[in-house]
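Next up: the structures, one after another.
Two complexes, one shared chain (subunit A), two partners (subunit B, subunit C).
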Partner chain A sequence: MTTRRRIAALTLATALLAGLGACAAEPGGSPAADTKPVAGGTLRVGENADEPTLLDPHQLSTTNTTTLLRPIFDTLVWQNTDGSFAGGLADSWDVSPDGLEYTFHLREGVTFHDGSPWNAAGLKANFEHIIDPATKSPLAASYIAPYRSSEVVDEYTLKVTLATPYSAFLNVLAQTYLSIVSPKQIVEAPETIAEHPIGSGPYKFHKWVKGESISLVRNEDYAWAPKEAKNQGAPYLDGITFTFVPEDAVRYNGLLADDFDIIEWTPPQNVAQIEKKEGFSFTSTDRPGHPFSLWLNSERAPFDDVAVRQAFVASIDRKDIVDTVSFGQWEVSNGYITPVTPDYAENASAIDFDPDRANELLDEAGWTGRDSQGYRTKNGERLTAFLPHTGTVAQTTQIIELAQAAAKKVGFDVQIQLVSTQEATDRAAVGDYDLTSGIWTTNTADVLWIRYSSDNITTPERRGQNGSYTRDDELDGLLDSARQTTDEAERASLYEQAQERLVELAPAVPLYVRPDLVSHSDRVGGVTFESAYGALWFQDTWLAAE
Partner chain B sequence: MDVAKIGVRLAAGVGVAWGAATLTFLAVQITPGDPAYAIVGGPEANPSPEVIAQVRAEYGFDQPLLVQYVRYLGRLAVGDLGTSYRLQSPVTQVLGEQIGGTVQLAGVAALLAAVLAVVVAVFTARRGPVVRGGATSIELFLASSPSFWLGILLLSVFSYALHWLPSVGNADGRALVLPALTLALPIAAVLSQVLRSSLEEVLEQPFITTARARGLSDAAVRVRHGLRHSLIPLATMTGFVVGGLLGGTVIVESLFTRQGLGRTLLAAVNAKDMPVVLGVVLLSAVVYVVVNLVVDLLYPVLDPRLKTVTATEARETVTANEGTETTETEEVSA
Partner chain C sequence: MSLRAPGDRLAASTDTPADRGLVAFTSAAPTRAAGWLGRIPLVAAALFLAALAVAAAWPSLLAPFDPYAVDTTNALAAPGGAHPLGTDENGRDILSRLIYGARASLLLGFGAIAIAVVGGVVFGLAAGLGNRFLDGLIMRTMDVGLAFPELLLALVVISIVGGGTTNALLAIGLASIPSYARLVRAQTFAIRQAPYIEAARALGVRESHVVWRHVLPNAVKPVVILATIGIGTATVAGSALSFLGLGTAPPEPEWGSMLSSARNFLDLAWWYGAFPGLAITGLVISTTLIGRYLQQRSEGRGA
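On to the complex of A and B.
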């Protein structure tokens, strides 16, 4: 290569890197939008680096799990887009008036990929696999913690008994983490689930190239899709290959260069570009659960004073921060659960950005002094909040720094401490922080119990998820009652009151609803999402011919 | 170098491995945090106390430290590297699955680097300022390019703009081209700089003049006489090459979405999966020991004058006498 050509190539590459160059990928084939589904083709999906460590759904807790394993498995219950529940591998169910007994009437005629049949004993085996400590379930087991026992009534009926009423039981049973695994595999060779999972879903596991990709093939026999699917038969695609691409730029440009047909985790900064690009489309869905938030530790000063917490929350222009960090692609959160979560209270009081109010609150709380750097003081002590942070996610770092700058304007000294993941985990365990960040995605308002019930404060025996150390009798009462009621309207009302109460308690600064940002070639048709987590769902997806 | 000396070398290698293993074990103990939470961990996890207890018992974290250390060494002695925290499968199995991709990538890259370095050095040594200057500037550019940046550059040109080569995976030989080049180019650049300067010294030697006087062509002089004398300094660069290849795979495998040890190491470090980190560290230590042993054994082959001296002395001799003597063997072989 001569120097001149080298310079030309360099210039080109630099332009591409800066996102200015036209990565001229020819749109392949006709746009799929208005045409009919066709069978065939292998869909190439680009994911981020978060490859599952093993493939037993009951042993996983990561986001990508919900996209990767949903095609292999069915769930007992299906969550419709409107938040209601429909049959999955159960046709219907009865709940006893005291909320302690669930009788599941199972769908008949379902077979797993290994040919074994689906029946009540199989469901029982799944529950027992989930709660068995040997399974080492990081999430599924705690989601059905109230489960006590089950009894096979007949071939297709199972009666489940709970230790305490648990109104979120059906919700969590719709999540991929509680997928139904082949009972034959659970009984005969549970250790093989991790490497070669067998389910009853529309696609069968095919191959896992560790550190690179997972591929699935069509299940020709599939005839038990949830009613919500347009396609009630076997899926259109011959197969699906998920590739784990660590680099955002490589994933995005790989889509443009036809190395992928569809990608999740579209870098937010590329959304505006892909929306305009000929031959490509962009779509997204919001995920349920607790929004990404900064949690305030109410166990120690300064956030043990509710006025100081309220002041901190009011001092931060949440919308401005979220828009800046996400290039306008994330929705700012206006409550302590996201709008797509069942029992979201639309009418709860707004969490306002109001620096004047923040200043008033701090004055009233006695933080009236100012030191030489402009921070507020009280009895000679500066208004300081420590925030340990691992710095592994650039956007989180950016959010934290913007929040730090906003809080400084009303006199908070937020000190960001860069720490290792282990140190962060350890400090979280003993509550050695004033602020901490995180998110919790789940399809039930029971996430408020997980994050704010005093039952879930960490003790020496048990690590809990109430990182804000919220201890409020009124809130505990509301969340417990909501867990125990079997009346949907009453449950909704209790959760509405709980959300209202949280605005007063100000245990966190809710920031954004984390959406699934999906970009795809127009050759891909029927791009849909399941609602139990907000993950891509491939039952209706097809690929137009070249 | 006789058998006894090789034995001493190997024993030293085992010592190095034991040291690395002990240091890593201590590092794991000093690092704060409960490994049980690393195993059923992640920010999205909510393990119950029963699950945590199960993990502690299964991995032996409930045992005294000394017992854990002795058990750990005992397992190492029989080639058992333990169980990955993150993947919950044996480390030997994890490394076994991943090593193929890395060997393929590093092997092709090493070959590419060697061929490129030799070809460029032989053709540019003692040439006019345009050729030589051009070559040195390109070498300088490549040697100082971070491989992440170089990889993105190659991807942008050959995958995204020209569509000649795929950007992900290791499905076929085509997918190997760009990652191997990314890994090879900086190494080739350094090797060819070293080789050229040593070649240039050799080409000024009287025996070269003799060879030319006997009517040998320029190419024959460069390849048959010059190159052979310049190989020793190149052999001493092996450590650098191995280090560059092993280190480079961490970035290259991630960038090009390839299976391999480098990518596995990165994921293990991020997840505090110490058994896997240790496995890769030990494997690298073994590779270093073996490669250096092989290089030592090769010195006398490359330069017959060194047949009677030890490897260490050989290095000293080479450093001291590099290119200042003519050799009888060379004259004879010509």
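On to the complex of A and C.
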């Protein structure tokens, strides 16, 4: 994070100098560089196709949730840029020595958009809404799975009891998926949250044109911004309109054509262009969690053999692929969590690109035959791995094609199967694949428990997220202890061991750290990111007059 | 079969233009010099299709590179030098991928139309010759099919059976059946009331013989012409499905999917999108030109 942030800061400084230079020649140039924030204007944001199907944060798991809903909602806890936690709707909290009791002291004087007040009963209502089976929460409920009960101590104090100690509790409470919804709405009309969400955030929900856009308007009463915000009062902007633009090129050209003031998901191939364009700027931040990866299904052949998994991982020139696909805009991931995630341990050396070692491993594993097309065989069977793929994201298709070509060089026959989104979901549910691609963004190393604990293997009763079907007692032990310890140093050490163990188990090919690539017109000032997810945050954002 | 002759002679006398048109395409010699000039596009089209046929049959003869060979150090290289048409985002040679892609594209175009023609003829004949109930049942079903654009129907088929080259071919073929069935039925209606059919029946020719020997050949002639033009449309539909990521699976080269990947790089690498686009355009124009020519001949305007 620091490097990228530093780069971003440098770019900003350069832009500032360039802006000043431009000002000398052209009065009234880049306002973002040299003027004070002004109020007014509606910010037009270009998003990708990832439009939610409903707007209840507790019912969402999609990538754009944070950008879209952070303006509407506050969270109980705020994560600072340096990774520490500060007050959100809670001023402070006490944790019992055994890590089972969290006492939250709530901020006073907070009002929701519907006029209802914020208090301990409201927080309790939110927890109960999240874990209510009727909410069908895909993410929030599992993020607070250890939650057992809570007790209102007084108007502004809530004591939460956990079933087991949970070291990531504060982390997840800082994420938008656990936003605080108006308790009045939860109690009186929970079904309306999906269409018309009511929070306490700096912007109020205004309108949702499905398949097209979501618009928000300023909350004039907002006075409880996190301390990290420069602007402690109501936001500068009159409103924000998010428009969903599936086509990369259309989104990018929409920015150039002044259809948008700012876009997320800048196509990586266009970054070099936008950086050179007068009147525009580019900035990015890396996201925490699990990097974008190819997961190997260890439940079935050929990846049930750890040597074959290690060989596959070693056969992929990860840096070459990531550099090619992202035009150098993404950082290659050297581990199973990204560097901006707490408790990241540098363990790159063990997952180097090494085709010689891949060949050795495959020879030792008995895949010594070669068929007429050059693929390895064993007992007459070709070394084949099936990869169902929906083809909806161009960069993912390219990554898969390049990985396929790389693995072929050591004798793997990776078969890409085009499937519908529905079929992909169905097959993911029953583990009908050898390889699958994906990413998991979250602000805690507990993502390793989500993706690799044998507790999270799908059973007939419960859909789990361990898509690699990793079952390893040693890893299970490390991940369980890490999520239960209350000692930070011990947690870091446990996660470090877990990351090392993962390198041995080779359940995935980690590829890139997903950044938020943001391009904007120089009319936009105060472009900032929140850190719990690494998404645009509009509390300090303003728009210069034309 | 002694009874065949009268029917055939009658057929020839009532349906001469179409008959002559088909024969003329293979054997007619132009009589005037202007005819040659006018036929340059036609010859060019035929040559282009012949080249594609060679590319589809023996791609390794023509392609300078392995179409799957990735070279990331050479991604999006401009045309010229080792790569006459440049490289794609994975550094693969575009010319070689176009050549190898000809097979998938032609297969889609010809295969889909073959399905459409066979299906159309079967349903059209059955409707045209069957009783009113059968006719109604088949044609109302076809009308439902006709109510939707072909590509939309193809998407419905794909969403049921999944993507891939074979499924895309099936989808487009099935979706095109209704328009052919309608044409064949209309032809059948006209033919079954023709004097030579009545004559054949009056002479006691078996019904199956009448259908096979007299109705079918005459009903199918305009279909062949329509199908030639249809090949272009089907190729475009196949490319459209691949463009949407529903056709050929990567890394197989296919013109539509090449165009699809290229669209994100249009402002950085014009060649990546331009050449697959030209190939598709060339195939469509060629088949259309030849189809139109056949049509004109059949209507007696071409000679």
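The criterion applied here is as follows: the second predicted complex is superposed on the first by the 511 of 546 C-alpha atoms of A that agree within 3 Å, B and C clash if a C-alpha of one lies under 4 Å from a C-alpha of the other, contacts with A are read in each partner's own complex, and residues count from 1 in each chain.
Just so we're on the same page, a residue touches a chain if its C-beta (ideal position, glycine included) is under 8 Å from a C-beta of that chain, and two chains touch if they have at least 3 such contacts.
Quick caveat, the model's predicted, so the values are computed rather than measured.
Superimposing the complexes on subunit A yields a three-chain arrangement in which subunit B and subunit C fit side by side. Looking at the shared chain after the overlay, A:Glu474 reaches neither subunit B nor subunit C. By the document's definition of touching, of the two partners only subunit B reaches A:Arg462; subunit C does not.
Within the superposed three-chain model, A:Lys136 lies in touch with subunit B and out of touch with subunit C [touch as defined at top].
When the two complexes are overlaid on their common chain A, residue A:Leu256 makes contact with subunit B while staying clear of subunit C.
Contacts of A:Leu54 after superposition: subunit B is touched, whereas subunit C is not reached. Comparing subunit B with subunit C, the partner in contact with more residues of subunit A is B. Contact with subunit C, but none with subunit B, is seen for A:Glu401 once the two complexes are overlaid on the shared chain. Using the contact criterion defined above for the overlaid structures, shared-chain residue A:Glu364 touches neither subunit B nor subunit C, since it reaches no partner.
Within the superposed three-chain model, A:Glu423 lies in touch with subunit B and with subunit C [touch as defined at top].
Remark: least CA distance from subunit B to subunit C after fitting both complexes onto chain A is 6 Å. Once the two complexes are overlaid on chain A, the subunit A residues touched by subunit B in the first and by subunit C in the second are 247, 249, 392, 420, 423.
Those residues of subunit A lying in contact with subunit C across their complex are 247-249, 267, 269-270, 273, 320-321, 323-325, 389-392, 394, 397-398, 400-402, 404-406, 416-420, 423. Considering their complex, residues 68-70, 72, 75, 89-91, 158-159, 162-164, 245-251, 261, 263-268 of subunit C touch subunit A.
Those residues of subunit B lying in contact with subunit A across their complex are 31-34, 37-55, 86-89, 94, 97-98, 101, 134, 138, 152-153, 155-157, 159-161, 163, 166-170, 253-260, 263-264, 267, 270, 272.
Subunit A meets subunit B in the complex at residues 3, 6, 9-10, 12-13, 16-17, 21, 23-25, 46, 49, 51, 53-54, 59, 61-63, 133-134, 136-139, 141-143, 145, 194-195, 209-213, 243-247, 249-250, 253-254, 256-260, 392, 420-423, 425-426, 429, 438, 440-441, 450, 461-463, 465.
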